[in-house]
Amino acid sequence: MTNLVTFGETMLRLSPPRHERLENTSSLDVHPGGAESNAAVAATRLGTDATWISKLPDSPLGRRVVADLNRYGLDVDVVWTGSGRQGTYFLEIGGRPRGTDVVYDRADAAVTTATTNELPTGTIRDAELFLTSGITPALSSTLERTVGEVLETAQDAGVRTAFDVNYRSKLWSPSTARETIESYFPTIDVLVTPVRDARSVLAETGSADEIAANLAGEWGFETVVITRGANGAIAYRDGTLVDRPAFETETVAPVGTGDAFVGGFLASRLAEADLGTALEYGAAVAALKRTIPGDVAIVDPDEVERIVEGETETISR
Amino acid sequence: MTNLVTFGETMLRLSPPRHERLENTSSLDVHPGGAESNAAVAATRLGTDATWISKLPDSPLGRRVVADLNRYGLDVDVVWTGSGRQGTYFLEIGGRPRGTDVVYDRADAAVTTATTNELPTGTIRDAELFLTSGITPALSSTLERTVGEVLETAQDAGVRTAFDVNYRSKLWSPSTARETIESYFPTIDVLVTPVRDARSVLAETGSADEIAANLAGEWGFETVVITRGANGAIAYRDGTLVDRPAFETETVAPVGTGDAFVGGFLASRLAEADLGTALEYGAAVAALKRTIPGDVAIVDPDEVERIVEGETETISR
Amino acid sequence: MTNLVTFGETMLRLSPPRHERLENTSSLDVHPGGAESNAAVAATRLGTDATWISKLPDSPLGRRVVADLNRYGLDVDVVWTGSGRQGTYFLEIGGRPRGTDVVYDRADAAVTTATTNELPTGTIRDAELFLTSGITPALSSTLERTVGEVLETAQDAGVRTAFDVNYRSKLWSPSTARETIESYFPTIDVLVTPVRDARSVLAETGSADEIAANLAGEWGFETVVITRGANGAIAYRDGTLVDRPAFETETVAPVGTGDAFVGGFLASRLAEADLGTALEYGAAVAALKRTIPGDVAIVDPDEVERIVEGETETISR
Amino acid sequence: MTNLVTFGETMLRLSPPRHERLENTSSLDVHPGGAESNAAVAATRLGTDATWISKLPDSPLGRRVVADLNRYGLDVDVVWTGSGRQGTYFLEIGGRPRGTDVVYDRADAAVTTATTNELPTGTIRDAELFLTSGITPALSSTLERTVGEVLETAQDAGVRTAFDVNYRSKLWSPSTARETIESYFPTIDVLVTPVRDARSVLAETGSADEIAANLAGEWGFETVVITRGANGAIAYRDGTLVDRPAFETETVAPVGTGDAFVGGFLASRLAEADLGTALEYGAAVAALKRTIPGDVAIVDPDEVERIVEGETETISR
Amino acid sequence: MTNLVTFGETMLRLSPPRHERLENTSSLDVHPGGAESNAAVAATRLGTDATWISKLPDSPLGRRVVADLNRYGLDVDVVWTGSGRQGTYFLEIGGRPRGTDVVYDRADAAVTTATTNELPTGTIRDAELFLTSGITPALSSTLERTVGEVLETAQDAGVRTAFDVNYRSKLWSPSTARETIESYFPTIDVLVTPVRDARSVLAETGSADEIAANLAGEWGFETVVITRGANGAIAYRDGTLVDRPAFETETVAPVGTGDAFVGGFLASRLAEADLGTALEYGAAVAALKRTIPGDVAIVDPDEVERIVEGETETISR
Amino acid sequence: MTNLVTFGETMLRLSPPRHERLENTSSLDVHPGGAESNAAVAATRLGTDATWISKLPDSPLGRRVVADLNRYGLDVDVVWTGSGRQGTYFLEIGGRPRGTDVVYDRADAAVTTATTNELPTGTIRDAELFLTSGITPALSSTLERTVGEVLETAQDAGVRTAFDVNYRSKLWSPSTARETIESYFPTIDVLVTPVRDARSVLAETGSADEIAANLAGEWGFETVVITRGANGAIAYRDGTLVDRPAFETETVAPVGTGDAFVGGFLASRLAEADLGTALEYGAAVAALKRTIPGDVAIVDPDEVERIVEGETETISR
């Protein structure tokens, strides 16, 4: 049995090396990137038996996505198609005040036509936990329907479900996002949301603590996790709130931090850790992620544990 | 006055370095590539005052295409749009027997919606010669119509027109291509076609010499040029046929060879060279192109002349 | 059920880029390389369900070997150990007359202590075909014994066995190699040997055809395959000899050619191809391999088939 | 009409990648660099129609400078010569305390022989604003004279003039610099100077505010701008002083910061911005420049505006 | 006469570029690295006539170590052998909290069999100062004996001796280290030790100042130097204690900092500097080292002096 | 005693990687290159004790030249100067028909002011053989005189002298070259010349064999060596002519081939080889050189010997 199944789009990320600009770079580094596969890789690295499901074009680009994910240890169960593109995105990482810029080129990706029928729902039904994010339904109306259906499929099969709000302003408006995402809430057990999205998309107000309690109260989530970037994360469950700080980090690659957190948190929960420990593991994986090129957290359990335990010797020899 | 105006799509070419495979490469080299801008760059390098017209997305990727072409000395006159993609293509160059593989990702490129109204037709009307190719109408039905209209615009303004058949099997079928391309023939003065396309698309038979005469006779072209790869090229005009061999070359980058030939040939003709000389310049630019990474012929007039004159000293110091 | 299981050492290959020398290079490219995993990858790429078994150090280097092989689609079933090194080798590829130089740094690799007891022999027993090579017993006296035992294990379980002589002069002498390898012959069904090794190690004389017949006659092999580099390969079975030429190739990376051939040949045989077809598939995979950086044949079935069928169009677009 | 014309030397900058040392690097990155073309590129990026004029050797190196500047959108109007070198400089960027080291190799550059007669003074006369810097007259006695003459040419034609003191201790002494630069002052409308140069070269004393007022009073400049590095810049005009801070930045490439400031400031002024806004645009372009490899500010108006407005969201997606 | 002779192992350091992970990198940068040659290079750069002695395999890898050290200006006097490996180590440098990870692959290096007889002890006897470190005896029991013998050789010849404790937990335990190292103390004139090693290995207690005095008192060292990382270093001699801070630095490559300090300190002492000045030179070389890729301090005397004198202008042009 | 001393200029060669053009490359590879140091390195690699003497600027660039040459094992004995440039040259290597293009940037190099007085003539006087080439006097009138003087110095000290004509059309005319070079002939023992230079510069006619005999007869050279590129080389001495073919080679880097030949030939002669053997060693080193990036022959004696003996196994493992 697979512990964790995630569903979503994985793009090829194309990014200039060494602070170059897209307009000027002579080469682009290639990495796989997608919220749900990022989270699944992070969980895999901590020992979770995870599988990513999706729909990919039968091309060298689609096959490359699978090769990349396999390399990081993730199992994949994908539908191959002769039509539809491999989504890509161009990423420029600049120091302050330049910031990080994303140019999506993911319209008409193969996954945007994925229906529940063609997806390997058996894999979902056999899982312990199913995860998707607010990015997936934003990609097409087909996916909006499919996400609802597979969440119901999971729920019907007794599989726990997790959902990361993960709002993307380049894909849809806050109001559309809210309507869609709230329609899934009855099928969701664990809600993860950046506090910013909770406010701007879910129209929550108050402190992060209040938001967590409100969301849990209003929708009946088993667990609500609110992430606050450098200010750490909180988890709310059964009327109890746990708060953990983020770890300090020297950032090389900021994209994927949230996904790394989700993967680390869920892997810990699947391994029966308590909420506080799970938040710490999420935070440690997220901190490590920021030091690693690419969007995925290529970590191993020892170093995550070392960070959770506060070991700070910087050269191990 | 601009001597040469060309119209078509320029993609960003993304290719693995050093014989790597798309499935496995950690980085991709970035070059601009498009039949009509390739030809225009080649002509520019020989001293032609050339402009490429097109429609591009207003994004770092679209701006990069312009930056790249400017760098090679080409003027551009483009319509910017907020919708539509920047077309890309992934290119894998392998030695024999692996061959060269192209994965197009150009669907829904911004240029596919370009209408005659929005294009800078004044620039065309002021030109001495206008060039487009069979790739452009293959990209969308809008472009199929637009190509016809701009060719007529050129003809009406007394601008000579050139057309390179340039059949791409990944874009359309031979029969569709034939129907469309033949509909443009009444507006075309100089027809360039690979002998292979003449046979498979235009349904010509016989030797290259016979094909050239047939096409000229049937459609009334002022000049017909038939390219035969390593076997050189022929030109037919006013009942006279000129035949010139190709130059031997060590191939580093095969894509763009035909466009380099067309650019070199047209630049020579615009500079009043006779047909034979123009074929030789086309062949020399094409031979140089194959030694240069990327799709465009970054050459200078001296070295082209040196090759035309058969100078072969290999180290100049 | 796995179709093919292979056993041996996979090293990290460290090679200077762009014809540089080991003495002078500022960086080294990293690739996995090992005869038996190379062959298994090649077979995997043609659709065989293959697994490589071995013993690896529990270090970032050992984990990297698994990541690399997973990326190419190969399953691995390895024993992890806290002692023993990850074998490496330094490879310098130079054009003629410089040649290709290998500096092994594989002494005391973790695999050299692998005993039959700790290896996943169940995986072997469940296979259709088991492959190892003459490199493995040359690595240590423990492995010399282990190879004999796992071949017997396979034979006892009714699993067919294949053995590639693959003599390495930097590891042992011809006479020691002969004695050891011949001791395995009673347990081997398919013998593959370069004609050079047949002569220098197995002390065979005569033409390749005669050698194939002699070996089959003397030792009772089901099939004998003799490879002759650029001169193609022959296969002998049931008194019948089949001879197929090699494909012409532009060589970028010569190491791993023989392994690619073996992988392609065995995959074809497992897919019930006749001997001649299997030789052609082996030859096509080997030819492609030489055009691809690294030691493994990152191919796909379509292109292999295209080469077997003699298609030679060099740009597909 | 061109808005801005600048005159000076553009070198090829050769710099080791990744903190390497010149003594040890195996490769050098190539970028164009020159105070006046740097400023012109910055202005171009903000929408100014700018042209750089100079004298270049007719060699691949001279042509490369033009190609690089064209790529960034800058027009060039250069005299080509068969004699004289292309100036280069070697740049080593080290973190603290190593610092940044410049090895000039610009002696006898083609531009050092540029006379007023051969320069395209018509281009200057048609401009709205003409800019040069204290580096140009430091390069040769011919240039010392030429700079004076072209400033007079501009003044006579009613073109406003700007001058950046830009003292380089590796080119001349403070006293020689002072004598030469002050001889130009009667022809200069806008004086820009680092506060450090105002003190060490122009022998000013007191606070930056006092220096600005003094210089304006003494020489009758229309505007005086004093830059103070991380402490921001001030502008003085018509008895009014405006002071704006610098933006915080993560420095990747410090060279060219001052030029970026000047380009941003002048572009804003040409676009009729008030002094304070122009200082802010200068500061924003300068801050962005420091995050971008190379010497020029490859920016676009949107991001400059975003920084001026204090938007700090670090990932846009 | 050589001023300084050092003895120890120099490995090839293989490290992923740009923050990559060993598990994932496609290439590895190559640098020489070894405590005693690092220190000798640092001293050489400051003008000391230094020689490194060791035993190396007669292979491209061993020859490369010599080529690398020669390039930095260091003389080498090595015994070549046909057996034994060239030691390597894999180094991953990650920002906080990831840290720096070292994977040694130095077992059975050629140097581990080096006996006093085969080493060029004449070179030692002719030196002014001999240096080795606690790493060398940790590599093999042969080296444990050899280190003792060569220290005695030096002492007998009236050569001053220096020893850097340099404890490596991946090589031996604190108690074994203590026993061995203390057995050398009677032959050592200058003891250098990180305060951490003084505590954990030499079982010293109290402040760094107390430790220095205690060690000098207990063992009769001429000089004791205690390094405290970012907190600077102290030196104790003839009852006097000198304390100097470290210089602030932006770290690119932390490995080799301590060796750079030792090289700078000893070079200064050999040039007759007083203790305080020598500590400052050590600190300046160490600070520079951290800004330079690789393990060795490729510095020149001018920049070291500049830092010692507190000059902080960051761009020299 | 040094066996071989050579005198001339060593430049920094800056060349685009991977067939790129100077106009377009984003980086340049750095190698040292100079006829006399190239030859000295080649001789050093074969076991000759060689020293290169010259004059260099005291800058990171000058120091880099020494570091590079030290790395290849060559001793250097140079005069450092505060004035004068480090010569560079830009090299573009293109396949046929593009050819190899050299852009010299060596005017006013420090070495151009080298006088006999300041050069380490003692090092020359202690040598067995002294070598310079026709490039050195072409660099300045000072060097023209200095070359004559140091050749006389060598002759007076009983040191044998060798001279490689090495005509460079970008430096001087054939007639000037002839006049200068012939003025040195009375002091030269071993003359090496490409047959092309013998004809175009020395105005010799007839076959290579006749030219060798004529030159020896006319000027009294002890030995005359004529190189004929791919057609091999001949040596004439004491009325006897020896002819040896070139070895076939796959060319990666053609520059430096002649220097490698000279170094290999002279090293063999210094090691008392007969003329034929020396020609073979020269040819083997030259063939290897062409396969190695950069201008110098980084070879070792074993592989040179292997090629001389005609061993052709292409993978050694």
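Should a chain be cited, it is by its letter among A, B, C, D, E and F, assigned in written order, with residues numbered from 1 in that chain.
Note that a contact is a pair of C-beta atoms (placed from the backbone, for glycine too) under 8 Å apart; a residue touches a chain by one contact, two chains touch by 3 or more.
Treat the numbers as computed from the prediction; the structure is a model and nothing was measured.
A count of contacting C-beta pairs for C-F and for A-C identifies C-F as the more extensively joined pair. Comparing A-D with the candidates A-B, C-E or B-C, the pair whose contacts agree for more than half of the residue-numbered pairs is B-C.
Chain centres here are Cα averages; for chain D and chain E they lie 45 Å apart. Remark: chain A and chain F have CA centroids separated by 62 Å (rounded to whole angstrom).
Each of residues 17-18, 21, 23-24, 26, 63, 67, 71, 101 in chain F touches at least two other chains. Listed in rising order, the residues of chain C touching chain E in the complex are 14, 17, 21-30, 59-61, 63-64, 67, 85-86, 88, 90, 92, 101, 103, 105, 107-108.
For chain B in complex with chain D, the touching residues are 63, 67-68, 70-73, 300. Across the complex, chain B is touched by residues 17-18, 71, 247-252, 284, 287-288, 291-294, 298, 303, 307, 312-317 of chain C.
On the chain C side of its complex with chain F, the touching residues are 18-21, 23-24, 94-102, 104, 168-170, 254-255.
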